[in-house]
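Here come two complexes built around subunit A, the first alongside subunit B, the second alongside subunit C.
This part shows the complex of A and B:
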């Protein structure tokens, strides 16, 4: 029974929630209007030809599509903004580079990437050669028997380090919500159970692969059959991972998709060359002059156009006219 | 200056996450801004919802259905704005932004961390707009919207200067300025506006500038500048105002017409314009209608910003100018770089279109041929920063400068936040300063350029009643200034920002750093040799402050 529930039903539901949830969130973000072009510029703008820009300026204050794409790629693959991190020391009124968070973050995310790539061997037949190769490289094949995958251990270490930040640093402890701890604990549970299964309580991996392959080809009858034969330790790992998938779209883990949409990063700093159009404002008459409606009442500000202005201050403006629009020092 | 805190003690507190969700009940003296009065927000020219009631922080006199209105406005904001929605969703609370905020560093108040500031509204968003928040309440970091929470929102969302330093360090580019801006807009929908910014918004919507200066007043102010220049230089100078058919419209922040040390910058502009007209025939006009470069609406809401910046393109069209030059101001350049041509239709008149087809100043004044701006600007926008303009003139050797006239100054340069992080104008001012003065030193790398610290008074935080907050917020900047003051003997802090120029004099006094404040254009004005008027480099006797350029031997010797 455990096999059917956690091997067939739960994963299907989880994947369905994951796919629908993530697609919904992303489509929802993508469909929201972007009223203003507001890149955060982290370097010299494109300017007069003799004002030189370094390669950093090009990525931090991008002007072209390519530079913007470069900024995004560096952000996604190198966490560039985190790499700039500093720490302010109140007692010394000074600040120092502080790249620990960056290091832990990179360690976690790249380990996760490697772990996921390695797991693709359970979904793909034949196993792509690069997956084999990566696994062999990171385990220093032949040094330990059985092979010890560095990424599998590194990810646990990184998660602990990230969690310790939230537990032992006072500022981070103040900021952390239960959901922040929860995400880390969940990931820790998944990775630790995975490692335990690999090194201590072995599961029948051929059966696991058969299960996943039949789940993927919707061969449910066969999946149910295989599921019943797999050891319970596998279902600990598998159920937690399913839960993570289902939790993903509702949580801050969506930052994985959200980072692509951030208007302060993915827009070029070319406001003066190309006009950005606000989809909900035709920009003809100021919105306040058209009036804003709140709780059924419309509040309309009078528009100060030149004619109104002239009418209000005619005398003074006429004096300026009489002076022929020229200001000269008063003769004393 | 009134109500300067005598001694600042920074008490850091680290409450539990539960404590953080509870609204604060005690509001520190000197950090709470006044609420707007009806004359500011129920004016004919700036009418805000429920603005007709005089409010007190103890008695907010909220409209009956304020909660519905608030949530409706929050919903609208989420639907209208991808950045706001995204920033509500994707924060992972990594804490990278926490000690990047000058207000957090200065106050130690945990809710002044940018992430915590955003959490104030995020918790409400979760409660009413996400399944997790609806289901798990507090455990999902969600909380009810109550009047106490509302007070807290007003308190903390008016302790942010929209400097965007946190957004630079955020791995997802979450921009607190964006969040604060839209939340202030939501608060304005139930009648809660901050007084300081609405005074200026109202004045600007009625008169064209924040100071509420009428055409005659502005005329008189500029005239006085010309008189002073006559005393200092001996030349009969002039300038134009509201002049149709001029080549360029010049727009400065209105503080430049009166305040000190803005005034010296104003004199710098006037010298430059006269030299250019006399030498090349380029005419530059001021305008009483478009007399404000700054835009306090950018602190308040999209709509208020648009109300104020809608005048300038219209004026450019009416006067028939070819392009616009903007003066020294910080948030003005976020508005004029990122907002103005989205919020308004750029001018479409003949002169404008013709100039931007081939934007060479030679088309306007033959002698200036070769100075072009099309490597980054176009007729869809049409604004050039005065320091970009001067940098181009210097590079093409169109103006003559005598660096030695600024020899008594040892300068450092403060990058205004919005100019650095909302525009990317970083090297141009330094290029200008290196060309007009001999002694220029930058502050430590962590505190300048894109990482520049705010002056602690931007974003509507220049109000006198929050002096405590201002003096705390400016602390990181002041420590950097003190560093170069001790190391290089810096004696002037230059900044192309009107709010900085108003904030730094009291701040320097408070933090006991005995140096002056000025703007780059003052240094340009000092160094500019008025060749068209027959001036020789050694002729000038006085600087723009009316003090002798060169110290006499023996006098003030040591």
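This part shows the complex of A and C:
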């Protein structure tokens, strides 16, 4: 029974929630307008030709598409914004560097990458040779029997360190929400149960792959048959991983997709060269101002008339009126 | 939707990446593939399902017993399924399982692991070098 619930029903639901949820979140973010150009910068912006910019300025205050893309890639692969947040992490009094989040974060994320690559052996047939080679390299094959995967231990260590950071550092403890702790505890439970299954309470991996292959080919009859024979420790790991998949799109873990939609990261710092039009400016509103002509181009300001404005923000304006405030249009 | 030219490829990359097993297995022609194992003759020293998950621990224990307590009867293994006594050696395994490639490698290749046991230890698939006399040596020392 437990095999059918956690081996067949729960993973199908979890994967469906994950895929639909992630696409929903991405589309939702893509539908959100960015009213202002708000890149955060840490370098000399492009200016007059005699003001020199170093290569660091190019990445910290990007101007072109390529510089912005470079900054995004460095952000995704090296988490530079965590390393550069010295105002928060450098204690001016004690001169202590507390950028633990960057260190533990990069340890965790790269371990997770290796762990996910290693887990692809349960989904791919034949197993790609680079997956096998990577596993053998990281376990120093032949040193320990059974092979001890470094990433599997490092990910547990990194999660504990990230959690201790939230528990023992006073500022981080103050701003930690239950969801922050929950995500770390859930990931810890998954990684610890995985390590326990690998080193102490063995499960039949052949049956595990058989189950996953039948699940993927919707051979549900066979999947139910196999699911009943697998050891319970596997279902601890598998069910928790399914919960993580289902929890992922609606939690802070969605920063995996969110980093690509961060306006402070993904916008070039070209405020002075290109005009950023607020996308929620209504298109069919008569232009009140004639506009400013600069270098042959006319930039027009779309100002709203009172009726359109009141219609757009009816709910909020009525709420303000209910609180005994008087709402009148501005006299121009 | 804003920035369609970036968002739509992003969604496609996510979907293609997440469903890698589908197109990978379909391209390899192994969709839903499960290898068939030939049942070996005879009874295993322990329960079959237990062995499927724990045989590596059993072999490890046999190795430790043979090395540290071999002279004191460490090579006698009492099965806790059947209660019978077995000689704790891989040769006991090979008396039923006829070959490594037909049995061991089926599952090991399926889940992509290559235990280093058989780099040194004997398997029935090994062709032993055959010495056919002094003439054979002459081709190395001519």
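To be clear about the criterion, the second predicted complex is superposed on the first by the 268 of 332 C-alpha atoms of A that agree within 3 Å, B and C clash if a C-alpha of one lies under 4 Å from a C-alpha of the other, contacts with A are read in each partner's own complex, and residues count from 1 in each chain.
Keep this in mind: contacts are C-beta pairs under 8 Å (C-beta built on N, C-alpha and C of every residue); 3 or more make two chains touch, one makes a residue touch a chain.
Only a predicted model underlies this, so the values are computations on that prediction, with no experimental measurement involved.
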Taking the superposition as given, does A:231 touch the first partner, subunit B, the second, subunit C, both, or neither?
second
Looking only at contacts as defined up top, I'd like to know whether subunit B or subunit C touches more of subunit A.
B
Would you sort A:46 into first (subunit B), second (subunit C), both or neither based on which partner it touches?
first
Could you tell me if A:243 is touching subunit B, subunit C, both of them or neither one (first, second, both, neither)?
neither
Once the shared chain is lined up, is A:12 touching subunit B (first), subunit C (second), both, or neither of them?
neither
Return first, second, both or neither, reflecting whether A:110 touches subunit B, subunit C, both chains, or no partner chain.
neither
Between subunit B (first) and subunit C (second), which, if any, makes contact with A:33: first, second, both or neither?
both
Please work out whether A:132 is in contact with subunit B alone, subunit C alone, both, or neither, and reply first, second, both or neither.
second
Let me test your reading of the model: by the given contact rule, A:160 touches which partner, first (subunit B), second (subunit C), both or neither?
neither
So subunit A touches subunit B in one structure and subunit C in the other; where do those two contact lists coincide?
32-34
Would you mind writing out the residues of subunit C in touch with subunit A in their complex?
1-4, 7, 10-11, 14-15, 18, 20-22, 24-25, 28, 30-34, 49, 52-54, 56-57, 60, 107, 109-114, 116
Would you mind writing out the residues of subunit A in touch with subunit C in their complex?
18-19, 22-23, 26-27, 30-34, 120-127, 131-132, 135-136, 141-142, 145-146, 202-210, 213-214, 216-217, 219, 229, 231, 257, 260, 279
In the complex of these two chains, what residues of subunit A are touching subunit B?
25, 28-29, 32-38, 40-52, 57, 60-61, 63, 75, 79, 81-82, 84-88, 90, 93-95, 101, 105, 165, 169-180, 250-252, 254-255, 258-259, 261-265, 269-278, 280-281, 283-284, 286-289, 292, 294-295, 297, 299-302, 304-306, 309, 313, 316-317, 319-321, 323, 325-330
